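Both of the next two complexes hold chain A, though its partner changes from chain B to chain C.
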Partner chain A sequence: MKTVAEYEKELRSLAMPLWGRVLHHLGKPVAEHGATVREFWHLLRAVLIRLPRRPWRRHEIAISVVHIGIGSMPIITIATAFAGLVVTNEIAWHMREALGTISMIPGFTAQFILRELGIAIPALLLTAKVGASITAEVGTMKVTEQIDALRLLGIDPVDYLVFPRFVASVFATACLTLFAVAVTMGCAISVAIVRYNFSILEYLNAVRHFIGLADIVCALVKGMVFGGIIPIISCAYGFRCKPGAEGVGTATTNAVVASTIAIILLDFVLTYLFSLVL
Partner chain B sequence: MTDFAARALSTFLHELGGIAIFNIRIARTYFGTAGNGPEIFRQTAIICTRSITTVLFAGVFVGAILVVQFNLMLKQYDAQMYLGGLNTSALVREVGPLIISFLLAGKIGAFTAAELGTMRVTDQIDAMECLGANPVQRIVLPRFIAIILASVILLGLGLVISIAGSTIVATVFCGINPLRFAGSFPRFVGVWTVACGMIKALVYGVIVAGVSCYKGYTASGGARGVGRAVTLAAVYTNLYIVIADFITSNILEFLTEVWRIALAGALAWLAAHGWIAGGGL
Partner chain C sequence: MSIRFENVTKSFLDRKVLSDLSFSTRDGEILYIIGKSGVGKSVTLKHAVGLIKPDSGRIFVGSHEVTSLNREELMPVRRLCGMIFQQTALFDSMNIFDNIAYGLRSTGLDSDALAARVSEVLSLVQLDSGVLDKLPCDLSFGMQKRVSLARTIAPSPAYLLFDEPTTGLDPIITNAIGSLITGLSRQLGTTSIVVSHDMESALSTADRIMLLDNGGIAALGTPGEIRQSTNPLVMEFLAEINDTPEAGTSRTPCIWRQDEQSYREYRRAIHHDDPLDIEEVDK
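The block that comes next holds the complex of A and B.
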């Protein structure tokens, strides 16, 4: 049964002109997404304000670093190794088509891995591995009213749950990015040596001409930004998790999708900004 | 360390075996029953409409990222005239399917795992079995086929929009004439390139469908169990997609050579018999 208020609302929407209804349907999702982004921003601001203050909760941070960093290492190793095996083949194919030579493989591969591939693939894997598990954990706490219990005890959930995960994720992702770049480069080099008859010294010498310290710093910055947004978005979705098993499932899905979109979006922004500098 | 590696390997193989057995069961159900068409169509429509805005939004930015990177690299070699073709080829063959299917793993895969997992932990699947209905046929099979169909459709649309996005970004941010950008397409992109992208889309769709249905169907342990099922579905899908990317790339590279030889042979045969003018290509 609809209430009177709902009937009135429906009548009002029918009385709107066509362009009004179109604007309404276009504007509603924009407004909703805007509210969600504002929520992320509030959470990020709360964490950043908390950052310079003590206590630093070293113990929780260390546990989170182990959970996020060491726990994700096997999967990131396997995934980036396969990505490294693919990238040399693809670049060789394209180089042969475009320039008629494969002598540019080292520089091109190294730049592509260090600027894009070695950072984006681990970050997207971490959204699934770390982001989803954080949302599931925080969401389960919310559903079982543990977060309300924390508030009742006078403990700030942002301070207790979000802050250690944020610091740990930024640190762990920075390390994992460098690790992933190294693994990807190693696999790319081995393919170039075995299949395209490069010698390792020749390869590394060519790489040195094309990448510098600035590339590595940019890669680290990108990795840290991605590492920072994953726990913020995941915790935000965990905090507004609806009750029941269905609520936790929906929140986890939404968190993974939102983090993936945010990473792709920020990747473009950062890539463009760095392309002006490099 | 060896203990850790052994444990990881055994978990991995256990997962792989479980997924294989589950998929054989789905295939047997598909070929053993009839009348699943309307439900499959309904699920495909639901999945497509639910995910299309996300895929289109992400597609634009995937194209944009790639074109900025390629522009930066090609500038060093003064080869910017190849930017359009190289970017589109890399996008359609490799990067587009990979990144967009990562997104689909989160969007479709995790959602399906959550849906089926919720049904499992709230005992709805057991209730169906008690009533004599086959849950694999009623709820898993339509989703499985629908995910494969939907991911091919969505990836096709995503690739088209990513090419549009990369053209816009090349024009606005990199200052390249859009006609010159599009002019280098034919040299790198042909029917076979698009076919490669679509074959990859199909393979990734099968992976998303298989892993997420399995993880959701075998979930256990309340709200926490559903959360774990969703996480594992997303993680394993992404991992298998990267591995499948390597395998399909190598197979398709081999098939590309076969395609080239076959095309050249067919044209030579036609020319020899006077169907087309000789000396083509």
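The block that comes next holds the complex of A and C.
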């Protein structure tokens, strides 16, 4: 008969070393995320190959455009309107402190909105709203075997679930980016007029010297890239969702986190690339 | 036209679920796969349609070797197979009409022919057309199972695969679904594989029964042969359905509890003892 001390000694000898335990705990999530990254690339490739082919699933795309685009307009309007109010005040304060003048408010504000604020805010809001809903929907379909049922009806899940959402999201995010820029600019102009005594013509004339068509094209390209990766990342996590309510919840959380990080990283990469080109 | 498994082995992580599994269905038969939870019944079924790839071995659906086909090549083979899923797997964003019609749209049927086919399969599963506009969540689980069956048979598959078709259903609906499986399989001339742990349904419905255990076949035979089997696992399953009503676990006694006279006759015939008081049993 072994004593408790002998058992403990035996257990200690069987236990993994510290580095082994660290690798064990790190390994599983790394492997899982690695598998999701592979799923992401697979989906991206499948969708890009599918793009030139017909039929284009116009009905599903239209439904997704309404869901992503129209459905997100209220939240984007509120968020970007307040962002516009804040940014004018912030820039005015910094200019007054650093330069002793506020004459450059229109140009700086417009550049900041068109290059960053008006693009990043809608993308991050869409990640939380649309990305989460896509992962939850696809994850639930996976858990309830609806995706298997699609396959057995001879329907490719990528074609049915990912492709329409990808096309709709790219289109809707590009439109929402322009819409968000317009709302943010509108609010920024309002603050400039009301608080800093600019006239609207004076403001727009100043803006004209700072931004051009290239800035608008950059904003659109960024918006489309962000709009493209949100459904792909969300579907990748949905397709790899584990069974049960907890599985769907975890997949949704992971998808939102991964999409947010991806948008911030891509924002940096695209900004850097545009700064080289423009 | 058969489904054939040849030495199929499958493991999930370090757990071997199927081990050198080999069997073949006969043309037009209803094969029941019975086994305890977690022995790989559903995994076997999903292998047949390429939803899971085996670690080794070969699977044939008719003349197609499923294991050697890629995603695109599997599509036409999958269209030959209709599968009823354990949780019905109805598309919850579509109404019942669209659920049933969805698999038919790619066949090029016009809208009239589509509507006619949907009505036809709906009547085959004994549902009326009043459900067509409803969403799956508006229907009971038993009705959802029937809709799932209708969706599966709509494209006229050559093989019908049922994954626990009666799980979660009350005994009356279970019997009705069992009758539907038999009726449809005979009527449509399909080869059917039914995964279940309900030995009672298997004995009354199947042409052959295959009992899975430890990744392999523990017993395979006609219902008559299974009844005569001395295999301990088979006897365990048979004992479940011959269980006395006191245990409260078997389905038949639950029905009989509703009818005191029948129950007393059952006790006299089977157990040759004095009829028990129903009140006492229910306690």
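The rule we apply is simple: the second predicted complex is superposed on the first by the 242 of 278 C-alpha atoms of A that agree within 3 Å, B and C clash if a C-alpha of one lies under 4 Å from a C-alpha of the other, contacts with A are read in each partner's own complex, and residues count from 1 in each chain.
Note that in this section a contact is a pair of C-beta atoms (placed from the backbone, for glycine too) under 8 Å apart; a residue touches a chain by one contact, two chains touch by 3 or more.
All values reported here derive from a predicted model rather than from experimental measurement.
Chain B and chain C, once both complexes are superposed via chain A, fit side by side.
Within the superposed three-chain model, A:214 lies out of touch with both chain B and chain C [touch as defined at top]. When both complexes are overlaid on chain A, the residue A:149 reaches chain C alone and has no touch with chain B.
In the superposed model, A:75 lies in contact with chain B only, and not with chain C.
With both structures placed on the common chain, the touch criterion links A:127 to chain B but leaves chain C unconnected.
With both structures placed on the common chain, the touch criterion links A:200 to neither chain B nor chain C.
Of the two partner chains placed by the overlay, only chain B lies in contact with A:247; chain C stays clear of it. Legend: residue contacts after superposition of the two complexes on their common chain; A:49 is shown touching neither chain B nor chain C. Counting the residues of chain A touched by each of chain B and chain C gives the higher count for B. Minimum C-alpha separation, chain B to chain C, in the superposed model: 11 Å. Where the contact sets of chain A with chain B and with chain C meet, they give residues 144.
Here chain A touches chain B in the complex through residues 29, 74-75, 78-79, 82-83, 85-86, 89-90, 93-94, 97-99, 104, 107-108, 111-112, 115-116, 120-121, 124-125, 127-129, 132-133, 135-137, 139-140, 143-144, 210, 244-250, 252-253, 256-257, 260-261, 264-265, 267-268, 271-272, 275, 278, going by the rule given at the top. Chain C meets chain A in the complex at residues 46, 49, 51, 71, 74-76, 78-79, 81-83, 85-87, 89-92, 102-103, 106, 151, 155. Residues of chain B touching chain A in their complex: 8, 53-54, 57-58, 61-62, 64-66, 68-69, 71-73, 76-77, 79, 82, 85-86, 89-90, 93-94, 99, 102-103, 105-107, 110-111, 113-115, 117-118, 121-122, 173, 187-188, 222-231, 234-235, 237-239, 242-243, 245-246, 249-250, 253. On the side of chain A, the complex with chain C involves touching residues 144-146, 148-149, 151-156.
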